[in-house]
Amino acid sequence: MIIVMSPGANEQQIDAVVRKVKEYGCEANVSRGVERTIIGAIGDERAINQETIDALSGVEQSMNIVKPYKIVAREWHKENTVVHIKDVPVGGNTVQVIAGPCSVETQPQMDDAARFVREAGCRLMRGGAFKPRTSPYTFQGKGVEGLEMFRKAADAAKLPIVTELMDVRMLDTFMEWDVDAIQIGTRNMQNFDLLKEVGRVDKPVILKRGMSATVSEWLMAAEYIAASGNHNIIFCERGIRTFETYYRNVLDVTAIPVLKKETHLPVIADPSHAGGKAWMVAALSRAAIAAGADGLLVEMHPNPCEAWCDADQALTPQELKSLMADLGGIAKVLGRDI
Amino acid sequence: MIIVMSPGANEQQIDAVVRKVKEYGCEANVSRGVERTIIGAIGDERAINQETIDALSGVEQSMNIVKPYKIVAREWHKENTVVHIKDVPVGGNTVQVIAGPCSVETQPQMDDAARFVREAGCRLMRGGAFKPRTSPYTFQGKGVEGLEMFRKAADAAKLPIVTELMDVRMLDTFMEWDVDAIQIGTRNMQNFDLLKEVGRVDKPVILKRGMSATVSEWLMAAEYIAASGNHNIIFCERGIRTFETYYRNVLDVTAIPVLKKETHLPVIADPSHAGGKAWMVAALSRAAIAAGADGLLVEMHPNPCEAWCDADQALTPQELKSLMADLGGIAKVLGRDI
Amino acid sequence: MIIVMSPGANEQQIDAVVRKVKEYGCEANVSRGVERTIIGAIGDERAINQETIDALSGVEQSMNIVKPYKIVAREWHKENTVVHIKDVPVGGNTVQVIAGPCSVETQPQMDDAARFVREAGCRLMRGGAFKPRTSPYTFQGKGVEGLEMFRKAADAAKLPIVTELMDVRMLDTFMEWDVDAIQIGTRNMQNFDLLKEVGRVDKPVILKRGMSATVSEWLMAAEYIAASGNHNIIFCERGIRTFETYYRNVLDVTAIPVLKKETHLPVIADPSHAGGKAWMVAALSRAAIAAGADGLLVEMHPNPCEAWCDADQALTPQELKSLMADLGGIAKVLGRDI
Amino acid sequence: MIIVMSPGANEQQIDAVVRKVKEYGCEANVSRGVERTIIGAIGDERAINQETIDALSGVEQSMNIVKPYKIVAREWHKENTVVHIKDVPVGGNTVQVIAGPCSVETQPQMDDAARFVREAGCRLMRGGAFKPRTSPYTFQGKGVEGLEMFRKAADAAKLPIVTELMDVRMLDTFMEWDVDAIQIGTRNMQNFDLLKEVGRVDKPVILKRGMSATVSEWLMAAEYIAASGNHNIIFCERGIRTFETYYRNVLDVTAIPVLKKETHLPVIADPSHAGGKAWMVAALSRAAIAAGADGLLVEMHPNPCEAWCDADQALTPQELKSLMADLGGIAKVLGRDI
């Protein structure tokens, strides 16, 4: 870490910084310039709390030299990691599309959904049994009953399942129902106790980006899971919050190549939640794969025409099929398949 | 709710919207204009899921007429609600400053802190035993041991205590140690299971704003707590995330008069976390009170000069005293006291 | 326009709104509900200043029914408009890549750049003679001398040229040098006097999005140009400002399908400025084309290895060639060519 | 400037950085660590283009040691600068409130406004003759005729006038009408040619913050004016754009103490544009003064009750009077007067 003192910093203040650096187990190298004194902290700077240093009297600014994340960093693990959801590899040469409805509604809905997911050529299924909802007065998901419906439908179609865990107390139930990949939603990206707990099980975790989380905070959230022992983590970009009001969120495709550079773990994208409208999904899906994503999390509803009349951010089964064809073409340009 | 159809919307699409509105238990009033058809949904529109409506085929946009929050809304409860933390009223004529260190460190630190808080004229004490930290490798708080130290120190100084709850499984422990007000941190503002649980106890809840939460989402988060039975909620503005990099967050003082208009519940501000630097705290504290806040959550460390040398975002005991004097002057301008 | 009055609005307030609506030349339709009164303004609501209505006493909120933009709106002009930069069509079936260096430096640099642009298969060339720079102490561009170098180099390679106009007083000079397309930069998107002036000439205008402009403001900025008479406008998404600090801006690919829906005019993207790093350009370029962009504005420097050593956000000539091949593959998936 | 090379950077890359640093006229000090090599650039680092350095091959990141602004920086000019608008001092002990209508409408309106501004105890008057409007179809201001009305009304009340300049070609007209302070609006904060031109005249400039400009960019925009010779600059915080939709912009009060620390020039705030609603103005005004602002730019309309019925973000004359009394109380707490 490089620490820059303000122009007027006195010897006492410089000494205090040096002492603090040493307390953290690092050496301090003081270099006195004409205008400013600069202190280099040498050693394992991850042990240093940058906020504490910045707050010391006389400190103008500081800069980390080493990245704060370790296990998830590509710097220490050059090759891509392939995470297996049951037997389906994510992060390898094949692009994986995880499809299914937003919410589990009924057994027939899930049975149909599973069949359509399979027919479209997808190998993984999504569906929410527990739903994070802005209002306490709206449908909060089918709960455990939903898990059961989902499991049954997906088993019949031989699809591993991905579903969101919101409450740490539900983790045992998720294990009982043998959920194949646990999704951590955007609102829980920094629910550290939840991260620690999913770090203790042996199921892959799909970690969605907090809607205003920086890439660095996101990597650190993954580091929480990894530090607890579970290295099977998949990042999922799902759109960030900005000033724009035309669409729900802005799918941050730049984050995809950036994450692929910073981490060896797989990166997927959720084009359905980002845009919030079914008609945007195809364009955003193509963009994400073209940017290098290892897969997608896409909403598809088996029968929107009856129940919701083209409703929602969900694709129809036919739209999903057609999207898969396009994505195949784009994957090929990148030397991948689908 | 007013629903505007796109120019080319056909009868089938209009019918589908009407059916959906009726499914939600409302009446639909269709008005056909030259360019567009407009549908008014009449009845309890809180039952209507706006996202579902917006996603219906042929819908261009919709607008809620009624606010989605009920219990916390001033519309239905005109007078200010005063929330008592033990015997200290928050939201009345007296401005309340909740002061104390960011983290519980040692018993002597807490004992000193409590004494200084008292001496400065504050009536409530803050301190973190469980700390949400970006990195899994940094100090995560003293935990239960910290609660014990805090309780002991505050009792000696006769100060009710405010501390953050991160993990729903810790709530019983908080009740055992008789925490006087439970703080929900910015990262947990939409941890809905946690909100529901603190909604079931009889302790006041200080609900910090999510760092990129809209005022509407924040009110709905409070509505979660209220809907579970606990109406003793205090809003705490703590800065929002923006593009600015000079300071940690932007204290959104506009939210203060806006919340006072929208809700009958008390509103306080946290100037320490917002700016992230001790030298900004006085200016931001004055601004918050001048904007109409009912109180503050301020960091003060008993002995920054020895341990951290003017460190941190924490004020010194002397700075806190001096701040209290200034705030008294500003409170007076608004017809309040401190 | 639909205007919702607050619950307590009285007759005087309702009358005032009705009068104001009529002043704007619209009819007012008052509908009194149990909780709230709603006023519909019928007629050409573009004449109504929404901010004035919202500010009237007793008004809670209002909603535009009709889009505020006319000439640029697809609603009134269904087919895609193809804008010709000299003889090169933008917005048709062929994806156009406008390549060249960020700044005009020297005649040999521009000659080489032009040759490489041509060799890579691009049909349009970019280069900055006037540079908007954050600091007054850094290089502000070659100015008119730069225009001359650019014109000469591009003519030899038979490439139409695109360059940025910052100062309205330079427009005549741009016309003298026969600049083929005038670029309006992100900082000038709402420089309304500049927009009006480029609206009076017959050269195509590439209108970059303001770095925090909404899609609606962007469309209205184009409407300024169009309302002055020049309908040859190309939108260019160049990244928006967010809280993320890892990369300069976030390329908003969602804006691409959204603009294609809202306007009949061509939409291109600038992946070089968005990410700010050469290594991100290929991924962002592929994403933009996959999302449906009609072209790109890409930085390429003829000889980065000598002068700047892989420097800058600029691609090397070889990287541009390789990018063009990838983009050809993606264009094909969308039924286009390059 | 400190430049950190990536772990794998080779000698060629290090040499290239050293060469580039020397090209900028600085010395380079290379320090080879175990993991990374760090290069210190010693000399006038303002000459170094950080973006160019960051883009060099093998560079991971860099950090400026010296602030990029000079003339406006408090570092080189410790005492507060008082800027005189005609004979009214801004930035001294007295808080100055610049009041008046958003737009010049008619001569009687301006005459009344001037009288009310005076009666409320304000010493400076504002009013817009040229209005930046999102839509080309709405009122664009009275133009030169408006300047004339404004001048006449203000002269009768002996008030210096402040008005916005949008088009560089209008500067001579502003000088002819002897505008006492030139306002640069939020959309023109980085209209560098306009900044350079107002830097050449001897009138004070009120520089509004770009709605998504960082404090650093804002200081650099002022540096443009100062570098052209005009040091009479007043910063005006007017709210920043965020994700919040309840109010127009977020008044960034943190920027006030931050600017007072970074620059010796006066800092004022515009509470009317920030919130966008008259009912928020008093709270925001108090907050800005409490945070240390040297003054305000406030909208007041002489007769909103007839023409606009409590309309707009403008205060009534009576509200302005009452606000002045509150602000006097707050100014006193800070040892100032009004």
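Letters A, B, C and D mark the chains in the order given here, with residues in each chain numbered from 1 onward.
Just so we're on the same page, a contact is a pair of C-beta atoms (placed from the backbone, for glycine too) under 8 Å apart; a residue touches a chain by one contact, two chains touch by 3 or more.
As the structure is a computational prediction, the values presented were derived from the model and not from experiment.
With steps allowed only between chains in touch, the distance from chain A over to chain C comes to 1. Greatest centre-to-centre distance from chain C is found for B, with centres as Cα means. The distance from the centre of chain B to the centre of chain C, each centre being the mean of the chain's C-alpha atoms, comes to 39 Å.
Chain B and chain D have centres, each the mean of its CA atoms, that are 31 Å apart. Separating the centre of chain A from that of chain B, both taken as means of CA atoms, is a distance of 26 Å.
The multi-chain contact residues of chain D, meaning those touching 2 or more other chains, are 212, 241-243, 245.
If you check the complex, the residues on chain A that touch chain D are 2, 4, 7, 31, 33, 35-36, 38, 40, 42, 61, 63, 65-66, 75, 212, 241-243, 245. Contact residues of chain A toward chain C in the complex are 212, 214-216, 240, 242-247, 250-258, 261, 274-275, 279-280, 283-284, 286-292, 326, 329-330, 332-334. Within the complex formed with chain B, the residues of chain A that make contact are 12-13, 16, 20, 46-47, 49, 51-52, 55-57, 68, 132-140, 166-169, 187-188, 190-193, 196, 211-212, 217, 220, 223-224, 227-228, 241, 276-278, 308-313.
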